[in-house]
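Some structures are shown below for you to check.
First subunit A sits with subunit B, and in the next complex the same chain sits with subunit C.
Up next is the complex of A and B:
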């Protein structure tokens, strides 16, 4: 193991880690929004939009991110839409994450029983108020474990970004292997980088789970 | 003039007709108990009155205003018709006080301090003065049901509907909930109560409605109904609640 080499290349990894996290964060936030909108469309069974949403979800879940990125990066320019690598990654991640988030949110919305909604109706709340004060808060606490799993899944999915020439962690590692043939060092640093990125996320997730589920489920 | 009037109400689920031509009226301050065998349409009747079910015929009037089959402002009507369910559905993510305050604050936009004071007084009255900040999961069934009743009362409804509110409770808890209802009756609350507790029905009711297969079979005073039911169906139904001693 060449420690001087490792010391030299650490800044490259840090830089790549920042870029990875930057894209992941934007992608995850957008997935959250897309997922929530889609979940509400399906929950309220809004005609037309509902069909479009279902098509999107099937398309998104049944194709790999790699292929989605290829499409965005190599196929779209043929019809005049030119996107940068980073733009492709953000759109791709959102396209994939949106459907995963939607499934998590919708199943959580469904766990809030009909009688809860009727209880809300009985105290004179409107449909929007029932969603805001009764259904959503309960659904959020149910969806936390699934949501956190999605976040970690999406962060790990970023490892395919290198194929559209975005200098993320994977890209740096492959680059170093190609240039210096330091396979062990490069891969070790790569695994370590992902671990360091994800560990705080999973710790934050357990903390959020405990906090947000207290009211409903107690200290379990 | 009656406070609540149900005229020729018909309700069916697909082909199945659950309520066939139901008519009755409720005066202000009157307590009406609805009894009848399972599946006779008691619960459905209450659900129709506060608009949880649409109706296929007839009209329901509250204060001379048609309240049946309205779509746009049904939430405003429901503020005047309180309802408590069998399954005491408190909102599990809120503490007792917030459960009670949600309707008055969000639906009626009332003053927080005043409603809170009222809520605490009610909790005191139903014997739960120290539970305001507990979560529903920390309460027993009877306690939850009493909170659910307070939640409905704090909306200041003109009429209260109780749908088998003790059916899911242990015998000791039944008493504490029924005592609350008795108390309300003494206060002159207008109430429609569906129950299987005949002794309670006899004690609390001004009028008993006996419902069978979607029809009102008898509508009379509790003394009349429990002592001398006019119909054969009524007699048979009441026999379910008495036992003869077989062993000496």
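Up next is the complex of A and C:
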């Protein structure tokens, strides 16, 4: 292990980590919005949009992010759509994450009992009010563990971004291996950086799950 | 670009598949991907079942060790694990693995962790009174496991492991990073070969690869859906 080398290249890794987190954050926020819209479309069974949404979900759940990125980055310029690497990553992550978020939201919406909705109707709330004050608050709290798992999954998926020339952690590690033959150091730092990024999310996820189980079943 | 030009570019780009053996080659590449996925799936179901049973053992040391293994495999992106196995092992221990072996090793280790967690969850979901009722009517431990626990866990486990299979097939696309000649690599070769004759062929090649992955995974997703519905009935 060459510790002076490690000290020298740590700034490269932190920069790459910031870029990864930046893209991941935008992607996660956008996929949250997409997921919520899709879940509501499927929940209310809106005729035509419903078919389109389920097609989108099947497509995005059954294809790897890597192939989606290849298509966006290398194939689309042929029909006149030129996207930068970062744009591709954000679109790809949103395309992938949207369906995962949708799945979480929809199963959470289904857990809200029919009694709750009917009680809302009884006291004369409108459909929007029932959604806003009764269904959504309950569904959101149920979906938090699933949401955390999705966040972790999406951050892990960012590791393929180097394929579209975005200087993420993987890209820096490959660069250092190629330039200096410092394989051990580069890989150690790579693994460490992902640990630092993902361990808090993982811990938060299990904490949320425990809290939720406590809220639902009491002391278990 | 005009829309007619776009249509023209797309339709000419698909002509690469009618030249020579391009489409057959792409299918062969898909076969490499699928066989890597199949070997790792079979191995991880086998080891995952054992790992899941180990995780239910009430021993502090075993529990902590398996927890660490599970968390490590969950936190590390599969691509990082691939790099560790392919470059790291060669460099630090002198074990030189081929791309295929490294990817099967990594996917098996990862799949074992994920499958083990599913098995653990399924085993623990069998209520305690089921075991106790078995004991009360005088069954042996083995009989309780074979006739009471196993049927109930399998019914839970099969749809969930189908989802894991789709995830593993999707993850197999990463093997292109460690130099395995699979569907994406062959697609790139076809694109390079037709760079001058059909400059827009990348759109056709990547679209076809996209749908190849889609259909392979979709079959398993449909199967999982059917099984899940049947389980609810």
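Note that the second predicted complex is superposed on the first by the 201 of 220 C-alpha atoms of A that agree within 3 Å, B and C clash if a C-alpha of one lies under 4 Å from a C-alpha of the other, contacts with A are read in each partner's own complex, and residues count from 1 in each chain.
We take it that a contact is a pair of C-beta atoms (placed from the backbone, for glycine too) under 8 Å apart; a residue touches a chain by one contact, two chains touch by 3 or more.
The structure presented is a predicted model; accordingly, all values stated were derived computationally and were not measured.
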{"item": "Which partner reaches more residues of subunit A (counting touched residues only), subunit B or subunit C", "value": "C"}
{"item": "Touched partner set for A:173, first subunit B, second subunit C, both or neither", "value": "second"}
{"item": "Contacts of A:30 with subunit B and subunit C, given as first, second, both or neither", "value": "neither"}
{"item": "Touched partner set for A:138, first subunit B, second subunit C, both or neither", "value": "first"}
{"item": "Touched partner set for A:119, first subunit B, second subunit C, both or neither", "value": "first"}
{"item": "Common interface residues of subunit A - those touching subunit B in one complex and subunit C in the other", "value": "none"}
{"item": "In the complex with subunit C, residue positions of subunit A that touch it", "value": "58-59, 61-64, 66-68, 70-71, 74-76, 78-80, 152, 156-160, 170, 173, 177, 183-184, 187, 190-191, 194-195, 198-199, 202"}
{"item": "Residues of subunit B that touch subunit A when the two form their complex", "value": "50-52, 74-76, 78-79, 82-83, 85, 87, 89-95, 102-103, 106-108, 135, 137, 148, 151-152, 155"}
{"item": "In the complex with subunit B, residue positions of subunit A that touch it", "value": "113, 115-116, 118-126, 129, 133-134, 137-138, 141, 215-218"}
{"item": "Interface residues, subunit C side, partner subunit A - complex", "value": "1, 6, 9-10, 13, 71, 74-80, 83-84, 87-88, 90-92, 166, 170-171, 173-174, 176, 184, 191, 199-200, 202-203, 205-207, 209-210, 213-214, 217-218, 221"}
